[in-house]
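We just call them A, B, C and D in the order they show up, numbering each chain from 1.
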């Protein structure tokens, strides 16, 4: 497997692939020899120049190159494209030229690939597909909650307000500094249609905002179910999902900062929190209306999904086996 | 009229009363001679010591005192209590002792007063009441939207996510710095029941969050109406409300920062934005489900309500006359 | 006078010119009909299209145009260029073509003009100049402190750490959200040389940082004087400067948020704080080493300087008369 | 060894002690069974109730207790007190009662202990002391730079502006949200005298500020040396210090966010950055005046110092041996 685009998502995907018993990472493509290139070097990942003209920068910086991105694409059985949104679509031609199947990320439009993918919700849809898009961090987070609710109770309608972080911790040129931005201002937002790439028949309206925080997104979720339920029943259902962490009341975790502290304390690589984090105390039911708050670690929740997508594309494992293997090798499940 | 507690809300209430042709401000009570005391002095407001033992601090700071808070309460026909939440309830005894009617703010529990008040929604409920509570900035903001929707279409259910500012601009010890906090974590939040002090029969579920911003709250609002509507019709309805500003698309206003710039440019005192600010572009309808984003200037939206509450208590004007007079004297309506 | 570029600085310059008894504002040039255009319209400022192709946007938005920027330049005796940094330099040719003198802002390089200007420090240097650059908000703030210190005690060396706001309140796309950025990383920073355009012989080393705040810059200033002084003497000296506000201890003002509240309470247009705000309590002396903290309102401190620059260029008043007239008409001096 | 107070510092000290070949961690004392108690449990640290009355809370939460804090103090050869500032001083009596030597943290006043400690600067001062205070994160950061400069060139005077983070990532109730606070307003600040507990004869003036960021402090440092130097020479000197990381220009690290990303990528526990991070590009020299920017990870830079303090108190290793052992076991040095 090769990874093209070694940034926030790419470096995590590379590590995750590297941890799988049934996969081999043959290299990563990077645009510049910055600190991420150095740690990639220390992990022994063969490095390819994503932009050939920039190759000299790598040697100047003392970073060894194994070649250029074309070579990586030619050699790989599958490329996981983790370039910035929009670049992935441009790269598709390169992958086609080499007849190399590829996985794209959620920053790309749905039509970049044959199928949009979430392991919990539609694993089988990616079987034998050549081009698969792992949906965005927000859509992944929503899908993991909707799938079990749909299966257990039936979902009449979803209304979700997505309070999104303005940028990742290292993205210091992104704002806002002191504002709350309806974003997009138009309602319903594009997030709903994105969820429908996974659940085509779902009724869903989403509202997006952007705020001055970097750690996680927080979703304020309302799901009108087809049956009356109790909060306790829903809670038990979600506690049964390995990629959902229901935060117990006594943990003293009241926001994203403490969640990240918890992940770091637990010794997770990069402090990653691959699971949806649902506040147990927040699960509230009013008739058929279910409410909850969940925090989504935008930098890592899609990582296990990329691993499972590879297995689905090559039809090597069934859904449950793949997800369990991924979870076990990465350490997912609290 | 007297104002007890001359902080963020109190100083604005004092100015608003001072601007009314049918009201006279006889003094304000303050706990300490800080910068707000200085500007009160420049405006010629007689100042009373809220905490008698601290009187000497005022003279040391060169701020003249007209007396102590007891005297102000004794002299006033009505006191507007603008002390921090919780102190108002403690003060009620003082007002009762002097048989002085009083208005409390939304930081107090509903039972501090005989009635909770919003000028647009339940003006007449405060007629002849001795103790009235002007509801909080968030409840005021919700009430102004719900009232016309209820009257025009009927409201089946309200679901509101309140993305609240962490503190006012001058409150530099409040956080969070970099977090998104479900607050309260429990859903539905206490905000819904507070709205029901104004609309007792309303179905409403609210979700609260706190984020690192100081300028305005932003509400992500869903109202399931009793009839099918169009976005255009709702927009026209809201444009007809003088205390609601429907932001036109071409203004280039995409958040609270630019809204505050707009208010400052328009020459408003303290840059106050007394109106709910609804993004026109955000008004979206899906069947009977209406959605919109609105920004609420927490420091000022309750000010006209305090003025109207006085007129309601003394039964001197009807709702429409009072609201129009308030709006005209303060400059409300864009 | 005409103003080209009607944004944060331009709209304030326009108002300031409009308030002068000896100046007439004949128009402002804007690129788009956003909310700032609307308030300009309400103030009765004739509006010119800065970018001719965009003229239709104005009429579509119902904003009347008086013409295009060329006409404004041709008509005006002087243009104050308040376009974004870099655009001013491009505009110089336009002004030369029409033989219209111009004032540029501090975002331009020093060589855009014949002289860099600060009213307190080098008023006479701009006499009869055709092209003058009013130095940046930070350099203006430093110059106002250095000038009296230099005159009174002599300055051996200045070391200044500039903790700069990341963006203005309305600039919601600027960061950082949660970071402290050495910026520029290189020391000494370019700010020192900029101060030297005003004080050519000064020894000054500056260090710049950028932080997630929008209200004001804060300078941590060290000046090694040529004589031993006392803090009290320096304080008295600065209290004598009309464009410096020495914050008294008892005001309870401990940061930029409360300073802005104070300006808004005082009824200042747009809450502007044209004066350097020096914390009286911070003025500390250790031998010949003077230290102080000052807050600089980046949006407004250069405004009076632009007004004085016009008088200097046309040689109509001497320094003291001009500065006093500006201060009196705008309301500067606390 | 026992650790009393298992929060930000305490949990790191416990892990660091646990990693030493010549030390044994016999338990940690905690006040409540929150998420940190859970991870302590997973690491197998015996847990003691810091506040006896709260013991039942632990059993209710399913956390096993080994006893109460008195027992831990009685058993331990040394206690590292990591309670919130002020509590340490109160605890001293407890340690004296049991004749247990103790280490305090920098939040305590200097007189809580016999000696203030920094491994690089005054290791030997702690030999055989019963009560030692490891100085604060800021003082530790300054000491590590001053010690080699003093030894190599002699230091005439230090002027340091400390741009401090408002709170740690999990401390979501701390501000400011959008402000730059001179803090303390008084100059010189108390930080200078704190540095003098390590370097009694040093000339140092410090200025402190607080800003809305959580990741690291940033110091803008000026050191007037006794000799003329070159930037290259200073850089080489600092590159020779194992607890100082001189950030190379090509790494693309321009702030605290990317530094933290780098630490996380490198696989460091909790993403800790024990070293001072000095931007190589920032090292600037003007005559005898040296300038530089450094970032200090407040949560972790004092951790190795606590380990070394233990060895110094028990006189088991000399300075160099202890520091090398600490660095090697923790993984310090980039």
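Just so it is clear, contacts are C-beta pairs under 8 Å (C-beta built on N, C-alpha and C of every residue); 3 or more make two chains touch, one makes a residue touch a chain.
Remember, predicted model here, so these are calculated numbers, not experimental data.
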item	value
Graph distance between subunit A and subunit C, where chains that touch are linked	1
Chain pair with more C-beta contacts, A-B versus A-D	A-B
Centroid-based (C-alpha) most distant chain relative to subunit D	B
Distance between chain centroids, defined by C-alpha means - subunit A, subunit D (Å)	36
Where subunit B and subunit D are represented by their mean Cα positions, the distance between them in whole Å	46
Distance between the centres, which are taken as Cα means, of subunit B and subunit A, whole angstrom	41
Multi-partner residues of subunit D (each touching 2 or more other chains)	169, 171-172, 176-179, 181, 212-215, 254-255, 257
Of subunit D, residues touching subunit B in the complex	166-167, 169, 171-179, 181, 212-214
Interfacial residue positions of subunit D with respect to subunit A in the complex	11, 32-36, 38-39, 42, 60-61, 169-172, 177-178, 214-215, 250-255, 257-258, 260-262, 264-267, 269-271
Of all residues in subunit C, those that touch subunit D in their complex	159, 161, 163, 165, 176, 178-183, 185-188, 205, 207, 209, 211-218, 220, 222, 254-257, 279, 281-284, 286, 289, 291-293, 295
